[in-house]
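Note that the chains are named A, B, C and D in the order they appear, and that numbering of residues resets to 1 at the start of each chain.
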Amino acid sequence: MRKSIIILIALLGVGWVVWNLHTVLLQLPDDADQGPVYRIMFFHIPAWFSAGIAVFIALGSSIGYLITKNLKYDAVALATTEAAVAFLTIGLVTGSIWGRISWGIWWTWDARLTSALVCWLLYAGYLVLRTAIEEPSQRARISAVLQIFAFADIPIVWYSIEWFRTQHPGPVLRGSGEMDGAMKAAVYANWPALMLVAAAFVLLRLRQEEVKREIDSLRRIVHAG
Amino acid sequence: MAAAAVAVRDLWKFFGDYPALREITFDVEPGTCLALLGRNGAGKTTLLRLLAGFSHPGRGEVRILGAGVRAPETRARLGVLGHGISLYEELSASENLHLFGSLFDLPDPARAVDEWLERVGLSRVRDGLVREFSRGMRQRLAIARAFLHGPSLVLLDEPFTSLDDRAIAVLQQVIREGLAAGCTVIMSTHQIREAMELATHAALLARGRLLYHGPRAPEMLADPGWLYAQYGEA
Amino acid sequence: MTFWRHTWTVLTKDLRAELRTKEAVNASFSFAITILLLISFAFDPTEEMTREFSGGLLWIVFAFAAVLILNRSYARELPNDCLDALIASPAPASAIFLGKALSNLFLLLAVEAVCFPVFGIFYNVRWIGQFWPLLLVVVLGTWGLTVVGTMFSALTVNIRLREVMLPLLLYTTMIPGLLASMQLTVHLLAGEPLSTAFVWLRFLIGFDVIFTALALTFVDTVLVG
Amino acid sequence: MDQRNIEFMFYGLASAWVILGVYALTLLTRERKIDAELKRLRGLVENREETK
């Protein structure tokens, strides 16, 4: 894909987020219990959603690689996993800052935080493993299998830690309606905006992987001759 | 017409985007011995590893004795001798052979092991650990391991490299007997003269392509460099 | 039937080769005892509090000891290209894997069997009364550790930094399994019956089943390029 | 208390932007590096073909 299109998508995403920020900061009232700090949620929640979607795509393309042996799928898995780790980091950091005000502490070993941290570790491990393998086909195959293992582990981690301890507020978007309609709408409005940013990241990373493949074959020519 | 021992069709192997093997197509008839020639990096080992089922081709197909490479019945009829000796240092000669005898589902592993230890001249040290063996003894044991289950196709990667005289004699003898019994042999090699004495066919690989495949011509025996010179690889 | 015979062949081969040199077992055992000792410096073992969570510490010791055995599992096939000969044989990769995993299980259980009495003496914990339920939990937890670890041993066998990558991947993936084992062990060492912690037992069995199935499915993909 | 509340809201929002920015920056530096490498290798290959 052309670089200019990627930049356009990125600018569109960023612009949309800024526009949403304007709504969130100026038009929505403070939360009755939490005060202004709850506005972090407009980043926090969509960041988790985006990371979740990225992880699903990464799993799909890893399986796709194992079936087709087409390195494009491997590049997609890598690009989406990297974006997922970036958004997981946002989720963890914003959540921690929010917790400092709402709970009075930066970090608590509550179920969701702990599960999120474990997910982050699993996917960071995937990225580290990739750096340790030189040969592209071998790297693609082995990391695809690890991707499947990591994904399978997420629900197990989730349940184990859920049983172990819980402090995080329950799902705020469904059920008892802890969140006001206008606020909910703002969360949902910020989600596609962040997804656009994520898409720009992924597309840029994919382009880089393509260039890297070209570099690899050029190297072969240089060395062979 | 009987099925070819090895049928290779439009075979490609990629490492990343780099094609290590390109559109390789050839047949090997049962009971023949093919010498696979080519310089370092020409793709000889890659081709042998594909035939042995250590890795999957990027494109194309390999049929061995009419079946797929990874099929259990193919594996049972395949003997492989690679760069390493594939023996366990901590186990004794007979334990090593027993291990592979039982992995290959031999009906009477004990007898096969005894026979082969006798053939490669290691009966007296059957209970010695491989760790304590000399180079030549290890190589002879490796030959026994590769031929233990009476394979109908044998793949040898540089078999004569770094063998001592006695091991070369044993290997040549074993290959001759195998060929006489209808076994098919494919070997990659640098030592053209030793290989050419055994080979009925020859193939030349260069940069992943098959340049020549055909019967061994008398010129090849007389002048080891002949084939290379013919195809501008000298 | 043939599958199990191949499994048995590889199992006995690995055990025999290991017990001739005892390289991995000795290292693993001395490491385990050292860590037990070190932990007793970090937490005062005579305190009631320490005794309460010491069951959890035990699993940290086991996890550390396991890596030394698991790292050797596939690496021991490398020196003479033995792995090639195993793959070339008619034995399926899953049977070879299972044989290796069982051999690791056996070795690790042996190390643990020595650790338990030492632990009981150092930390003044009585565990004899709970012998059978404890044995069940230890076997299940250790099986999870070995099946995931043997898989990752296969995954990392041909890559740089093998010794570092294995624990990095193993520990994050093992978190739910270790958590369940720790919960159960602490519970049992407190003198409670197994029946009151049944959910954790079921969870641990589920963990073992899922990862055994995944490993048996994908080990062929990992080893045959 | 309210002051701190607002302050932390800004920290939270800023941290999200910072993380996005840092990731974008690593992507861009990598972009520059591989572009340079590509140019270098292309030059090498062209040179080689000219001399042939």
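Everything that follows uses one rule, which is that a residue touches a chain if its C-beta (ideal position, glycine included) is under 8 Å from a C-beta of that chain, and two chains touch if they have at least 3 such contacts.
This one's a predicted model, so the numbers in the text were calculated from it and none came from an experiment.
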| item | value |
| --- | --- |
| Centrality ranking, top chain (CA atoms only) | C |
| Selected interface, A-B versus A-C, where C-beta contact pairs are more numerous | A-C |
| Most distant chain from chain A by Cα centroid | B |
| Rounded Å distance between chain A and chain C, as computed from the means of their C-alpha atoms | 32 |
| Rounded Å distance between chain A and chain B, as computed from the means of their C-alpha atoms | 49 |
| For chain B paired with chain D, centre-to-centre distance based on mean C-alpha positions, whole Å | 50 |
| Rounded Å distance between chain B and chain C, as computed from the means of their C-alpha atoms | 38 |
| Chain D: positions in contact with at least two other chains | none |
| Chain A, residues touching no fewer than two other chains | 137 |
| Chain C: positions in contact with at least two other chains | 225 |
| Pairs of chains satisfying the touch condition | A-B, A-C, A-D, B-C |
| Parts of chain A lying in touch with chain C, wherever the complex brings them together | 66, 118, 121-122, 125, 128-129, 132-134, 137-138, 141-142, 145-146, 148-150, 152-153, 156-157, 159-161, 163-164 |
| Residues of chain A defined as touching chain D within the complex | 10, 21, 34-37, 39-40, 43-44, 47, 82, 86, 89-90, 93-94, 97-98, 100-101, 197, 201, 204-205, 208, 211-212, 214-215, 218-219, 221-222, 225 |
| Residues of chain B defined as touching chain A within the complex | 14-18, 56, 58, 207 |
| Contacting residues of chain A [partner chain B, same complex] | 69, 71, 135-137, 213, 216-217, 220, 224 |
| Touch list for chain C against partner chain A, complex | 148, 151, 155-156, 158-161, 165, 168-169, 172-173, 175-176, 179-180, 183, 199-200, 203, 206-207, 210-211, 214, 218, 221-222, 225 |
